[in-house]
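Both complexes shown next keep chain A, but they swap its partner, so chain B is in the first and chain C is in the second.
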Partner chain A sequence: MTDDSPNPSVGALRVQFGAAVRRAAVTCGETIVYVARERARDILAWLKDAPTERYDYLADVTAVEYRDRERPIELVYQLWSLDRKELLRVKVELPQDEPLEVDSVVDLWQGANWLEREVYDMFGITFRGHPDLRRILMWETYSEGHPLRKDFPLRGRFSRSEQVRQALSGELDAHYSMEELSIADAYTTLPADMRERLRGRPAAQPGSAPPRTVAFDLFTPGPDAAGRATGVPLGVSAALEDAEPALRTDHMLLNVGPQHPATHGVLRLVVELDGEVVVRVIPHIGYLHSGFEKLGEYRHYNQIITLTDRTDYLSAMSNNVALALAAEKLMGITITERCVVLRVIACEMSRIVSHLVWAGTTAIDIGAFTVFLWMFQERERIYNLVEAWTGARLTTSLTRVGGLMADIPEGWAEELRRWCQRFPKTLDEVETMLSRNGIWLGRTQDVGVISGAEAINYSLSGPMLRASGVAYDVRKDRPYLGYESYDFDVPVGEHGDVYDRYLVRMEEMRQSARIILQALDRLPDGPINVSDPRVVLPPKSRAMADMEAMIFHFKQVMEGVPAPVGETYFAVENPRGELGTYLVSDGTAKPVRWRIRPPSFINLAALPRMAEGHLLSDLIAINASVDVVMGEVDR
Partner chain B sequence: MVVMPEPSEATGRGGRSGLVVSSPNWLTTRLDYLVNWSRANSLWPMAFGTACCAIEFMATAASRFDLSRFGMERMAFSPRQADVLICAGRLPFKLAPVIRTVWDQMTQPKWCISMGACASSGGIFDNYAMVQGIDTVVPVDVYVPGCPPRPEGLLYGILLLQKKIKGETVFDPALRVEKLTDSRGLFLEPGIVDELSEPFGNSVHQTRSA
Partner chain C sequence: MTPISGAAFAWAAVVKIPLVFAGLLVLIAFWTLVERRVAGFIQNRLGPNRVGPAGLLQPVADGLKNMFKEETLPPFADRFLFLLAPLMAFVPALITFAIVPVAAPLPTRWGLVGTAIADLPVGFLYILAISSLGVYGFTLAGWASNNKYSLLGGLRASAQMISYEVSMGLSAVAVLVLAGSITLGEIVQRQQQSTWFVIPLFFAFCLFLVAAFAETNRLPFDLPEAEAELIAGYHTEYSAMKFSMFYLAEYSNMVTASALMASLFFGGWDIPFTAWDDSAPWSFAKTAATFVSFWTKTLAFMFAYIWVRWTLPRFRFDQLMDLGWKVMLPIALAYVMVIGVAVWALEALGLPFGTRYALALGALNLVAAVALFWGLDRRRLIGGAGARARGPWRAPAAAAAAARTGGAD
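And then the complex of A and B:
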């Protein structure tokens, strides 16, 4: 397959940490280091900071449980060095008969915060020292267990009516989390351990922001003997109260979502406001948690492609490509020339389609409705092309392992070329409308700033990272599909604010059109699928007439295409950032673990950092600039 | 023939008007026509968009398909000023209390369109996280199939709903009875919920992981 020499960091680690580095392995050309649980945090800290290593970008944290229950659960850290362009996977083995505990790395990478919470939610692994370890995708009182564990049945433990009943009958507030002030109302109905946690607020982390002015004051609210209200239901900081005893200076709690037109999906933001200034934002996600990763363990690789459509539904085609590339790397399949170029076209088309929706909806949020209509008009034009190729507008399921579901129809390439030449005019019009528009500038410039170093620490990717001045683009740094042979630029911002993110995305659309035109020029003739009949379905006409073809057809449909034992982390540059597909195979036709490294989930985790201190109206603009797709955030 | 049922304990909202109409006459049919015509042609949608279908809903509202041709250009993002709940996308259990709250907040007369396979039946997500059809949570008037339905499909569903509304009569109090959840938290019998949620088609055999 590829070379088997391990990453040189393994040798350096052995020198530094000795026996704490248990073993190293190379699979699919990727190096895995198994480290001792006790030293894992130290090793990761060293890898992050040592001048020879500088793995400064934590791409992903996840876990794997094998079907063989004897094997330990593995905790997986995907590290990337932005300078050295080197990938390293660090694994910690957690035996099933011991408590599943490990030290948190949130103090090293802020980006690990939500990722560790997700692992805790889905696998039940506890992270010692995590500042806010609670369920993130399922609700706090979810009682069926940890869904990605192998002993958890696909359909859950309870009957459907019981699941509906539990979802509907419980206190609505009990679905929400501790961090919210509104939960004070539901205090008496909460489980005892939640009450305990509410009573003792965790001490502020050293070096973090100053303590919040609003405290949970759960015991004072209520009328006194004379019937007057004592205390204030939402709590008031003592300092403010002393300064202006006559003035009511409550902080206000505002709930935005989960059903709100400006949250781009079912995102829920609990916002603490001081006047109109956002003091604290607590995002709540999981309202669209659909169990994709669990479902993937029950599906063949080709069946997972239909699932990838529905994770990030704005850029379905590049999701399809991502999964197919990962599965092909796992299976050691080399796809045909024509397929490579067509997949590049598909990826860039979906980047344009996705950014079009982003620009339209963001403009609505900031008050410019026209852009939405213009962008959707362009989108309908490109939808016509997508539909002619794949038969669907949105959920394309374009790729298959080893090829594509269909070749482009006749005359399609010319239509796409015409569209690519014409569509930048619409971008020009939109830029005329927005780029020097006083309202637009006022609403976006210096709003939601995040510095490059911080953006890396939060593991941001895609336009969010590049707008902060970090030119990390998977297409350039870890080229796939021959991206290194295309002539295109990666736009990079300077200020890291909403305006720069807007400029970056607008320029990316132009660059994508440029790539498509180059790809159309070089589009070779030939087959779109590999010729291996064990991988690619025979044409229907042959399957109905030829015995051998029929057997291959039957075996592929009924048994799927097995992948050899191994694993791979394959990243592509999606419109929202680095979309990683982490596949672990135990030799069967269904993966042991299908992990999506969700760029918008990780980008969204930085929303509180970007929005706190801004006005409430800016929160909407900042949230829009993150470009979340809740299907991918919640999966 | 429209018979008005006697006010009963169960509905409690029956003959508030005190009218007992034994058969439709010129006055009531004309009134029905007027009321239904105005209701059907000014449906204000409460777009409960969650996933992929919401994007197609946006496309339906945008310039090419132009939802305002059907009197629906006013998106009511507040449930209190909405007539028709359009659940566009999948409904996980975590979201179920939200759509139930939104539905309860909507004032009568109200209708519900279930847009897409996931909202109608759970779709390809027959797993621990997904409500197997929003009709186990709120009553549904029109189901639009598709994954996601094309804008034309949604428009056809809306036309069907208009047709349904035009067949209603204001003198039938049973139509406007709130189907509230009971003390168990369900508005259907548990057996019915289980039956509605049963796996069907391919998903019956797809619970083996290796």
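And then the complex of A and C:
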């Protein structure tokens, strides 16, 4: 596909839907289709299912409001076809003077559930037919408005004292809404395997009487103009008439987190327990919400890099690379060869670091404490290397638009090579401890199973998706940084359970070490930054001595590097999955919209589906297997 | 020399009680240090080594710290039971040890002094009775704290300890059959006369070992306090000395279980490969030597506890219950019958109790043990979330992708 010819799907859409397809555009080689609001859901459904299109993977749902208040708010769907390896962006324009309403696509993609909630939370766009349209990152009683709207001031509407007053006077019981406390009658809508888990015996025959349950309306009902169901219950209730009808048992509501050893940050799970069986899980997130995306709109592209450190703080270098690549694509900058290879090394190092932490913390959640420390020892070693390169261990801020913050120090490559050769031995030791350990197998196999089709439907990505047997890896399917020229394998699981996720991640670490070794072999000499003085800061020594350099330095620091009008969605394969960076520019040095497609956030949305019906201990194991970093979930 | 009796016996008991319990507490205190140092060794780190030479004063520092920390009392807790629970856990754990003979009897001016505080005629039954009292401590702690995590931990503890007590008792029945007595002293004597019971009753030892791990709530059976799930389980709400008492209870349970394993299966204070220590004349040297022998065995088991703890992951509750009721209990029952028949057959054959007798039984046990481990292996008995059918799913694209993927499993 050349840069100006649109995706062939556009033509097919025009044939199928006529005037409902308003217009199409191509920017940065990516096709955008603007569709009419009334037909948006039908068009998306058609794109998902039509045999010639098969855009079965909903990568992201987000919205854009331009600084020009006259322009309509755009609702953006990023679609990806796993089979055809084709990206398509569908936009719906919502004029500001009309009510911001569209039809929900949750019935097409479960993965849209949280994404639409986030858009509702941040932009105030209402999704008709959404089963659970509540705020997600801000708390439910938040009354200041919708933070990502342009009329929302960066500091918020209320003064700090007003915020405190509101928070303190808020009704504490509001944290447990009546809906949460209630028991939903969703038993019949469950997949058969979950029903079986809940009952511990084969599911009831279709002819027999349905199990007696207590029915409540689970969610705050949304508008239902389209006539679709207002409440698809999130949870289920175990059949009340079980073996002993005389024993009237109650369910227990357990608050796991936000401070809990196994929630990996500040995740709060409200868990409804029947004995130890998890009947319902309701994740509450947003405790770490820092408004990074809003902050990004007030910063130059290079200044955003420090924010990316703090989203997924376990793979900071990889996030830095993602933002730099997206900005460079937007600006049309081609980076130097040495920079490309160094960025590959940075990405793979952060993958290993992140998976090391994952393996350690998951092992600790399942009770194997020693593995944790073995993994952290390796992590210490690789962090020493990171520190030698970037000067920081966690918040690296490694990249700059057009290059890198620093070149690797003398002898560093050899250290890394030695480490890469030695560290698989630690992995071997851990595998000896766990991979064939009967208790480990019993705790992980068949736990938290999600099928490939369902994983796609939930928009899972990364090891979560691959463990379910879907070989989708951005490095292979949409190669960047020359990944197509490296020889590496993408491990794929078979059963989609915790054990397969463990195997996939363990293998990914080995593959990453393989990639690093290849990258070190081909590391070319040369500059790490492009030679364009408008993009890259001159060295400090020159800026102090040379008038021209000083002017460039001044202009870049004060005005930033403007990007041409346009937008791009650039995905990289982060340790946790597809990290998309969606940048929209209006020609200034600060983006109109900087959207992170957060893999942890989207993977976490599938947690209730995976955990319900299992035991409490399994919930912990499943939650660990999702590998969330709350900094990224909450942003 | 005859065993002491009368007033001398009472005085001996008065001397022994503080001696044994003080010794036990010191051992426990230092075993916490050993545990942390060994954990450090296993995990490629140092462990506590700052307080005193090689960290030897660490237990003292911990003890002082715990004594001076704030005693918290949750406002909604049941005050009386909340305070009672640590005692209920601690006291039974400690007094179980009272009947364990730790060395050969000591000759004194007044007669022969046994090394157990009281070698009760009911022996092993006393152990079963007292150790099952300990479960009240954990259950009450979980319930009285009025905390959901504690409650779950307390429930788990009671279910687990009750379940495994049965298997533990049954696996010891074989020992009692072979010894013909339930007094620990006589069980030890009987082993001195023939051979350690671990040889003829290897299988019973395996069962007892597993049950003992479960009884003491140690990994892989530490579900009542599973940190990742239940914060700290039944002792979540406890602080300072009350918390310490649970800690001490756990460790004294560990000592007692180890001492029992040494006494029931490894000849107690018997020194192997010599008959010097087996019979009179008793002397101080014999008592000292057998004392060392007993503690060597017991500490070896206590070390095994630590080793296992830092190696294995944790069971899940249903797996634990399955293992207890569906695997261990039937096996233990069947084993008691098999051993009963075998002993009867050997008696009928007229084989005297001795080494050959033991070896014959040992061969039988070996067969049973091999069969068991073969059965336990690879999830044949311990399943995952359930033996549900699971069909591998592959995306249509995966067929093409399979060519380029390495395949993780």
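One rule holds for everything that comes next: the second predicted complex is superposed on the first by the 560 of 635 C-alpha atoms of A that agree within 3 Å, B and C clash if a C-alpha of one lies under 4 Å from a C-alpha of the other, contacts with A are read in each partner's own complex, and residues count from 1 in each chain.
We adopt the following convention: a residue touches a chain if its C-beta (ideal position, glycine included) is under 8 Å from a C-beta of that chain, and two chains touch if they have at least 3 such contacts.
All values reported here derive from a predicted model rather than from experimental measurement.
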Item to check | Fit-or-clash call for chain B and chain C when the two complexes are aligned on chain A | outcome: fit
Checklist entry - First (chain B), second (chain C), both or neither: which does A:Ala25 touch? => result neither
Next on the checklist: For A:Gly442, using the defined touch cut-off, is the partner it touches chain B, chain C, both, or neither? Pick first, second, both or neither.
Outcome noted: second
Checklist entry - Looking at the overlay, does A:Pro261 come into contact with chain B only (first), chain C only (second), both, or neither? => result both
Next on the checklist: By the touch definition at the top of the document, which applies to A:Ser617: first (chain B), second (chain C), both, or neither?
Outcome noted: second
Item to check | First, second, both or neither for A:Pro491, with chain B first and chain C second | outcome: second
Checklist entry - In the superposed arrangement, which partner chain does A:Met138 touch: chain B (first), chain C (second), both, or neither? => result first
Next on the checklist: Quick check for you: in the superposed arrangement, does A:Met252 touch first (chain B), second (chain C), both or neither?
Outcome noted: second
Next on the checklist: For A:Gln377, using the defined touch cut-off, is the partner it touches chain B, chain C, both, or neither? Pick first, second, both or neither.
Outcome noted: both
Next on the checklist: Touch test for A:Leu394: chain B only (first), chain C only (second), both, or neither?
Outcome noted: first
Item to check | Least C-alpha distance (whole Å) that remains between chain C and chain B when both complexes are overlaid | outcome: 5
Checklist entry - Shared contact residues on chain A for chain B and chain C? => result 260-261, 373, 377
Checklist outcome for this item: Per the touch rule, the chain C residues reaching chain A in their complex are 39, 42-45, 148-149, 152, 219-220, 222-223, 226-229, 231, 310-319, 376-379, 382-386, 388, 390, 392-398, 401-402, 404-409
Item to check | Interface residues, chain A side, partner chain B - complex | outcome: 67, 138-139, 144, 147, 150, 152-157, 159-170, 172, 175, 258-261, 265-266, 286-291, 294-295, 297-299, 306-307, 309-310, 313-314, 357, 361, 372-373, 376-377, 379-380, 383, 393-395, 586, 588, 590, 630-631, 634
Checklist entry - For chain B, which residues count as touching chain A in their complex? => result 47-52, 54-56, 58-59, 62-64, 75, 77, 89-90, 92-102, 124-132, 136-137, 147-148, 150, 181, 184-186, 190-191, 193-194, 196-199, 206-210
Checklist outcome for this item: Residue positions on chain A within touch of chain C in the complex are 82-83, 193, 196-197, 252, 254-255, 260-262, 276, 363-370, 373-374, 377, 433-434, 437-447, 449, 451-453, 456, 468-472, 476, 489-496, 500, 503-504, 506-507, 511, 614-618, 620
